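Given below, in the form of structure tokens, are the structures.
You will see two complexes here that share chain A, one where it goes with chain B and one where it goes with chain C.
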Partner chain A sequence: MATAALHEGGSRPSNVFTRHDLKGDTVLDCDVVIVGSGAGGAPVAAELAEAGYDVIVLEEGSYYQTRDFTANTSQMVRQLYRDGGASIAIGNPPIMFQEGRAVGGSTVINGGMSWRTPENILARWRDEAGLDDLTAHSLEPYFERVEKRIHVAPMDHDAIGRDNWLLKKGADAKGWETLGNLRNQAHCVGSNRCAFGCPTGAKQSALVSYIPRALHFGARVYADVSVQRITMHGKRATGVIGSVRTDDGAKHEIVVRAKLVVSSCGAIQTPALLARSGLTSRSGMLGQNLSLHPNVKVVALFDEDVSGWQGAHQAFQVREFADEGLGCFAAVNLPASIVAMSVPHRGKQLGQFMDQYNQMVVAGLLCEDTTTGHVKVINGRPQAFYNLAEHDAHNIQRGLVLLAELLFAAGAKRLLLPFHHAQELTSADEAHRVLSAPIPTKGWEVVTVHMMGTAKMGSDRTTAVTDGYGFMHDVDRLLISDASVFPSPCRVNPMETIMALATRSAGHIIDNARRYLG
Partner chain B sequence: MTYHHTPTTRAVLDSLVPVICPPEAVPYRDAIVADMALQFEVVPPIVQRALGLGFVTYDLGALPRYFKRARALQGDQAEAYFHSWEEGFTPLHVQFARVINQLMSLSCYEQPAMMERVGYRPAAWIEKVTKKRLTVFADDVRKQDAQILAPDPLRPAMKKEVA
Partner chain C sequence: MIAFAPPARPSPFPSPLALRLEQMPMHELEHVFVRGVTPDLDQLVGWEFRGINHLPFNALRIGELLGIKKFVKGFYRAEDGRVMGYNIPVGRNALDGRWHLKPSDSEPKRWGFFEVAAVDPTARDNDYLHAVLLDYGKGDNPKLDPSQNLRDYLVQVDPKNPDMYLGKASYALGPLRVPAGFFILERHRVGLTDYVRR
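Then we have the complex of A and B:
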């Protein structure tokens, strides 16, 4: 059975093609071509394939199976992350962001947090973007369907690691609301390798859920294919042109002719693909409105053994301050090498710090941003630009004080803050004192994995790039199915929102097949 | 394309291992520098070029002060010179020093001996919990696998009708 092969390492499914199979220029025909195989592309592929349509998925990254995901962190980063994880949004401060680049997209490297879009966010989208149909009630069947497919469930108790229990202990001591995390996992056993390809097969990423389903119903997946542009006939999208580079360095062109084109490359790559294709939006918003959910991490040192790498990633979320723009606090254990690269120490000081690796709790906070950046295409490649807003920097600073309070309440002895030249803190009082002074934004170490909004949905074509289903205004038969279409940040981890909207779009296509596929 | 360090990059990185990595990692200098080559291979070409230029500048930048290239500096001199970049003549100096510190620290703690030193043993842990999942939860795992492939159309009887 296909999934057993994916989990346990059987042979590659016959309808997955890679650079090893493409020996020359290739022309393919299909009903639907989908560029990108992650949270936006894979559900559309599975739903339309099951409905009987001929679907081709093109993925720039390679095809890996669960058996390929090992404990070698830097190798996994090189294989699964665009630019080796070193993508940077230029601005003050520079913000490092990560995009998955493999079959399954970023779902292969995310933490698997699976939350429905909060009702107040949907209300904002209705009010500000005229998306009157987006209600919790109307989306319910799509969320339910997604949750079943990717097996959204609370964590098994015995898979939760000590770092997460300490986070909960601190939150409980403060009397703050803590939620058991919902994740797309079927008996996660706490390998804590979510971000490097789940090696146990427990995380139900698109790679082991929607993609096998799409393949089962006849879809074809072409990995290692970089799509240069969408082809057009007048105002109508007619397919894509891409290329594959084989191991011997040869470059072959791939042309896919399709009745419907779907761009699911994420909020950085989708506007770039559209721009490379000469497409513009009269709204002027294509590539604009980039939000990032900036997040920062602290390292807390405890006297006790924590060994946070033995236990599930982010088993709890502290949501006490979500309504104040601080989406959540969570324990986010990182491999030793990533911790080492995340701290400013070096030499002997680095060694002394890292010798305490098993006494560390790495905790992060996610900020719902109030400003936006943009994506520009330079020499065919997208470049993100984003300046952290004063208000958000202030909010993050406040969040750090709260997180410090929580960690010291949990028993932390010392705390390392996420900016250069920051002193180690030894008490919550000290955190209040140090963090009451303004900290220059340029010194912050900010990262993100949630890029959104660069082709936003809206009922008004003069202010939005796509309509309420993600179809690009003013272009026929071009669907955008990824976080680009979010009108604003979604406050929670975006995967489930992307998947639910993708499923809804697929239903709309099936219901209107003559219009989109005739 | 396979990336190879230029002689300058290689020499500068060799000289920086004792500055950035803890003393106990210095015996793994070759492996650390080799691991960095793998990292450089996947960054965008423009970043590769910027890094290459940065290493040349770093190497030659030591001449006015020490009358030798950075690659030849040792001990306190190597430390002081790198620190001067961390503090930065320009933001670019600061950024370069920061990036090299980050990438070398990453490669340093990717070395098996350094992982062992800090008590991080993910391979054995993965093997243990994978076995647990496939034995203790075998029935549920099979059920989920079956669910993924089971027919469940989004729209009833909407099989392709459009010619």
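Then we have the complex of A and C:
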């Protein structure tokens, strides 16, 4: 395997360690141990390392570099996604979700959309969670710092693909608001491989932004390490215990002793790690309050050649209905293999359908959910449970009608809905007719990559798991830095909010070093 | 930072909030206690606080029968820099009446000394990290004084009100901690530090 050969070849930085370096049980000491190297962990690592603290980052996934990212979708999914991208939240309907598992975390496989937390969401967090300090003004310096580090910028015009122009054409025809996407990229060429590891390095994921910065300032990154639990002395977190499995099947224990422990494993894995460590919250909310931003997609067929695989991932977002719970509409090209897997056709019919791949626009909508699910730990592994609320299902159906209107206005000839056995639509009128009655959610195809809220922040320890900086209530020196801490869905792509809050938490630690690192 | 400026002459009577807390059932007091915030020791030092005990089975008026329903707690800074505290017995009268210190307001008896410190997360008494611990075992009390087994947690009830505190008492029996009820503290008058200065 090419990636393994690269690991063996020693092309990685000297302070990145992998399963090939760990020959036996290992004990490490540091100031701060961070579990997870994505949007929540990497900024904390970089900020604290830059401030002179001894930082160790543990990552369950492997260490890959830009040169390892290829057009082999199947291989990339297996290497970069937890469970090969096939994680499921059990419920009605079952919702497939994806988590990154590599150094850089989910930032390696996300679309790179970089939006600040909307002010009305911050207002909700202030009102409902007592987070009085979270205002657009107070967060401004953290957003600015993050945007500088990950190079948030509008897309270059010539990197925008035809599918996105068609989305904009339809929105313009309807008179709906369209925003040019802000993404963490430096002159992205539009290879549209964001979700499988950017092959050019243009996308400024944590792998090529924060992690190198942390390494420069002396942080150590240990890849291929599964963390089993946080070690405690009384109510103080004192480190973690994990393990690494080498290629020959041997399992070595790795113990890290630290003054401060940071869990940045994401909203599914963080509550599981805490539960495995025997930690509970007086609020009873640990693992609860799971929000998902449920997504559905449609496949629209045009007469013209679209070649959706050329051009940047999600160059535009239609935000016309964001205040009505429909966060955004976007064109989200998927590789042919994934489209083929997700359409209802079989045999020759599937072949004929896929022959038209270059005429397809895959478009999706994101729903700001009004219900919550939960994460339960079963045999040490997290399992998410989530039932789509009737209100949200209704909203999604309405969104599909609107999206169909947009795509037909842009010139689509046929449209495939995300329901099993759904007929192809040939007009907006037909979309209205088909979607006017409730469709049982059991047969819906819903996905998500935005898991949030399972260790929510709040000033009241009887209702929240963590305080306003992400420190777990009633536990000493345990910071949670990922989307778990969101009190509610954030309406937009969550990466920049996670990074800004992580940067803020790191600043709080530095300002109170005696308390957290003394 | 704005320096705390308590009223020069706090009211001698319990506030409606203190009386309301006294009437609450245990589970509601627990909720108030858990929602409390960590007291600022600088706002305790140099002051004496009116105390009302809220013992288990409060309705049976055991506190009144034992003569320990009302008391005063004072806080001062010792020469070695530690924050310490003491208790003063109070005469029996109506709950909403004045606090008459024994044997006299001007020369009260101070007993049941304790150390006041942030809760050590790694220690045995680490139940409430957001509280401060009143540890009678570190109060240099007489060896046979049963008060030295008391371990009280104290929180500020409302972040905006540094005059009102809620304590949760427990009694140490070896490694065991036996719950001994709650107590309410409300700022009463300038305390020992002021006397020492004078």
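The rule we apply is simple: the second predicted complex is superposed on the first by the 508 of 518 C-alpha atoms of A that agree within 3 Å, B and C clash if a C-alpha of one lies under 4 Å from a C-alpha of the other, contacts with A are read in each partner's own complex, and residues count from 1 in each chain.
Definition applied: contacts are C-beta pairs under 8 Å (C-beta built on N, C-alpha and C of every residue); 3 or more make two chains touch, one makes a residue touch a chain.
Remember, it's a predicted structure, so these values are computed and weren't measured experimentally.
In the superposition on chain A, A:T371 contacts neither chain B nor chain C. Within the superposed three-chain model, A:G234 lies in touch with chain C and out of touch with chain B [touch as defined at top]. Applying the stated contact rule after C-alpha superposition, one finds that A:V475 touches chain C and leaves chain B untouched. Of the two partner chains placed around the shared chain by superposition, chain C is the only one that A:R282 touches, whereas chain B remains out of contact. Of the two partner chains, chain B is the only one touched by A:G84; chain C is not.
Of the two partner chains placed by the overlay, only chain B lies in contact with A:A336; chain C stays clear of it. Once the two complexes are laid over each other on the shared chain, residue contacts for A:V189 go to chain B alone; chain C is not touched. More residues of chain A lie in touch with B than with the remaining chain of the pair chain B and chain C. Of the two partner chains, chain C is the only one that A:T462 touches; chain B does not reach it. Across the superposed pair, chain B and chain C touch chain A at no common residue.
In the complex of the two chains, the chain A residues touching chain C come out as 233-236, 282, 460-462, 473-477. Considering their complex, residues 1, 18-25, 35, 38-39, 41-44, 47, 79, 95, 98, 101-103, 105-110, 114-115, 117-120, 122-123, 125-126, 129-130, 132-133, 136-137, 140-141, 144-149, 151-155, 158-163 of chain B touch chain A. Chain A contributes residues 1-4, 7, 31, 47, 50-53, 70-75, 78, 81, 83-84, 86, 94, 145, 148-149, 151, 186-187, 189-193, 199-202, 204, 208-209, 212-213, 216, 249, 307, 309-310, 335-344, 346-348, 350-352, 354-355, 357-358, 381, 420, 503, 506-507, 510-511, 513-514, 517-518 to its touches with chain B in the complex. The touching residues of chain C, counted against chain A in their complex, run 31, 34-35, 120-124, 126, 128-130.
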